[in-house]
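Shared between the two complexes below is chain A, which pairs with chain B and chain C, respectively.
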Partner chain A sequence: MNTGRIMAIFEKDLKEFTRNAMLFTTILLPIILAFMYSRMGGEALPAMLVYLIVGVAFSAILCSGIMTMMAEENEKNTLRGLMQSPASMLDILAGKSLVVVLMTAVSLIISFLIMDVAFEWSIASIGGLILLALFFLNVGIAVGLTVDSVATTSVYLLPIMFIFGFTPMIEMVVPDSDHFIRRLTDYLPLYQNISLHGEETTVPLLILLAWTLVSFLYVTWAFRKRMSDEVK
Partner chain B sequence: MDEIRVSEVIGKENGQTIAFEPGESAVIQMPVGYINRIADMVKSSQSIFLLESLMPSYNRLTVREQLRFIAKWHGSELKVEDIIRQYKLEPWKKTHLSKCTEEVIQRMGYIHAMMSSHKSILAVDPLHSATVDNIHLFHKALQQMKRTGKATVVITQSTEEAFVLSPDIYKLNEQGLKPVATDDASEEPNVKLKRLKAKYQDKTIFIDLEDIEYIESSEGKVLVNISREKFVMDGTLAQADEDLRSYGFYRCHRSYIVNLEKVKEIISWSKNTYSVVMDNPEKTKIPLSRTKYNEIQELLMHH
Partner chain C sequence: MDRVIILENVKKHFGNEEALKGMTVEIAKGEVFGLLGPSGSGKTTTIKILTGELGPSEGRVEVLGRSHESFNSTQYVKSLGILSDNSALYERLTVKDNLALFRKLYNTEQTKVDQVLKDVGLEKHIDKRVKDLSKGMKQRILLCKAVLHEPEVLFLDEPTSALDPGTTESIHAMLLKIKAQGTTIMLTTHNMDEATALCDTVAFLNNGTITDMGSSESLRQAYKTNEIHITYRNGTTRHIQRTIENRSQLEKALFDPEAVNIESDYPTLGEVFKKVTGKELV
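Up next is the complex of A and B:
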């Protein structure tokens, strides 16, 4: 890892992110939702809605942002002159990750301020949030490494957003909580984060850790595959 | 040191290699099929920088931002502002790359190759539809790359383009890699003299041979005469005679050379005094030596 290079990519992609209308408007998505929800009810917002915003922010900014940026580099072949070794790719990914993490943080902080989130952030829930962020980041990078155009990212992005980002919406589609789909979706990562605000923290954390671990395996596989394709 | 095996390019047994020698630049002319094959081979090698005629660029960045990024990424010590000046990008520095002309994009590629931390550079058709400015600037980039110890190999389809880059070029065909013979000595008879160089005040002008009426030597200067104007020429009259003899010029006198095409008549004033009359409004009369009287008549008839 070369900090100079990571910063070079960070500065470049920060400019590109803010000048790309498609990416920049994603920052507004959680903020607009937060604004709408905060107008809906007078009392404090339930954890489910707060985490819906978190899920939207993580999938629409963190995951889709890095996916789109990588896809654009692949599509336009702009990385060729920069690559010298697998380490260059790690620098590129690290620099881009910093950009999307920063953008997600900005968007979430504004959203939380608008919603006036009142509940306690325990160490377990913060740890859970970090694991969830890593999960979305890994998935975004993995897809970004494998697709060759921006257009194809939507094929991956839509299911990721609906299943992992808008998870609590399932309750509206399948209201019966004993339905097998509901029992299955109870294991999705975002639900673990909601559970972390209850009494039981070990099991949800372990499930979340498993998701993150799977995402690490996915991204490692994607990285290896990409590297072997580069040096054919 | 990076190298490309010729056998892999031409698909035949061959022991030769295209070597990337530090501080050197080689120019190789080859058919487009080989160029594509080499470019493909180099794409998968991360140690060689592939410079294409139009490098992809970050369209949302300005010229200066892209240069700053390249410099920072490659840890280049070159100052971006200096580069902008040297490569004549001042008017473009704040323009987004999506709005730049191809000339600027091509130039940005040269700079990227020059600033990159790669030790070996493969330039593929770098002068493809390049402007005169860009040809100069590519030469500049090549010099800078040589100075910093980079190894450059330029491959191009066009022989003319190759000679624009170097007087010593190679050719790659199915027989392998060969230097292109340029031996000036044997080519000399083919080099046709078309114009003469002369001075007029502080300008150097080039005079078409067919416009010259005659050349005279006067007070140690050689003067070229074209319809009432005289221009000073370097060298001696004897030299001019030697250079021009096969182009229809004749030294009719110790101090004069005439263009036979422009001779209208020969006048004999007396037994030993002759003049050549030029075909111009003044009917200029040029002295003709007695000894040359017969020879010039022969030449005027058969030339």
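Up next is the complex of A and C:
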């Protein structure tokens, strides 16, 4: 990895991101949701709603952003040009990750300001948020390395968004909290973040860590597969 | 002779298909080498092996004293310029932003970018988005991208195919300038005029085999025949061997007012190719 090259990719992709209407409008999604929620109730917003915004931001911007950017490089044959330059695949991934992290942060900060979120962020909940961000980034990178067209990303993106991003929505689909689906979905990462605002923090953090590690293994696998395909 | 590119009995299989059937080539420093062949003959495969995009199935591949196992090193990558048949630019970004990316990745000076843009006559278009450029302009920008870090070896896969004559000419001028700076160039083409205009050495590639190799002139001479073709005003033609026995016939034709055209059989590179391989180039 080389800082100069990572920054070169970052600058290029920041321009690409802001000039790509499809990607750029994703920034607005959490903000619009936040605006709607802030209009709904006067009293303090429950953690669940805050994390719904986080889930939307992480899945729709962080995860989908890097996935789409990688897929587009592949589809348009520009990835080849980057790979034939001194930039390594890790430089490319790091530069792109910086762009989506920045965009997600901007969108979330604006959303939180609009919602006027009044709950305190403990060390554990911030740690949890970082683990969750890494999880979504890893999934986005892994899928981005696997697919070779932007159209294919939606096949992956929809389930990812629904299961991992809009997790609290599951409660509307399956209202019975004793249903086996609900027992299973209790282990989904976003629920751990919500739990982190309660008494018990160790178990949710460990579960989140497990998700992050699994997603990291997925990236490693996708990366290895991709690099071995490079020279046939 | 300082050899920059060495291919020795290189074979490449794709499943059961043998795309290269034992290719042997040596290219000297500063040489412009042209691989001429019809579609599917293995031109792109050869370039991909030399740039490290594909590994050879068999044989020795060496570029700049480096064997193909280490073609992915950053140092090697920096010494190459590549224009592939499917190279692409970032369509949403301007010419300037596209070149800025590669300038930074290669750590070269802005002055070099300005100079190559000027060389291809596109310095006025730097603020245009790539999607608004013509095909010929894009190809010239791709060439700029390939050479802005002053590579030691330049690989060009059909650099002018499907371009208008003006763009082709401007690309040729740029390549001759790069050649004059001592860069070794390997290009592939279907275009025999391009091969004649640019290449010191031309190799005919047919079905993964090099069938003949030499300077364009030496190939033409090697395949010329001794025939003189005479066309008469009434449309008939005669072919006479240029031998001492036919002297009187030839002399007669030379001063015959009915003989409107007299020419020797000096084949173009394309005709030579057809004689060697039995195939048309395009």
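The rule is short, and it goes like this: the second predicted complex is superposed on the first by the 228 of 232 C-alpha atoms of A that agree within 3 Å, B and C clash if a C-alpha of one lies under 4 Å from a C-alpha of the other, contacts with A are read in each partner's own complex, and residues count from 1 in each chain.
Quick note on the criterion: a contact is a pair of C-beta atoms (placed from the backbone, for glycine too) under 8 Å apart; a residue touches a chain by one contact, two chains touch by 3 or more.
Remember, it's a predicted structure, so these values are computed and weren't measured experimentally.
Under the clash rule set out above, the superposition-derived model of chain A with chain B and chain C contains a clash between the two partners.
In the superposition on chain A, A:174 makes contact with neither chain B nor chain C.
Of the two partner chains placed by the overlay, only chain C lies in contact with A:87; chain B stays clear of it. By the document's definition of touching, neither partner reaches A:210: not chain B, not chain C. Of the two partner chains placed around the shared chain by superposition, chain B and chain C are both touched by A:5. When the shared chain is aligned, no partner comes close enough to touch A:14: not chain B, not chain C. Looking at the shared chain after the overlay, A:77 reaches both chain B and chain C. Residue overlap on chain A between its contacts with chain B in one complex and with chain C in the other: 4-5, 7-9, 11-12, 15-16, 19-20, 76-78, 80-82, 84-85, 88, 230-232.
Across the interface of their complex, chain A is touched by residues 43-47, 49-50, 55-58, 60-61, 65, 69, 72-73, 75, 112-113, 116-118 of chain B.
On the chain C side of its complex with chain A, the touching residues are 51-55, 72, 74, 77-78, 80, 82, 84, 86-93, 97, 100-102, 104-107, 145. Residues of chain A touching chain C in their complex: 4-5, 7-9, 11-12, 15-16, 19-20, 76-78, 80-82, 84-88, 230-232.
Interface of chain A with chain B (complex): residues 4-5, 7-9, 11-12, 15-16, 19-20, 76-78, 80-85, 88, 230-232.
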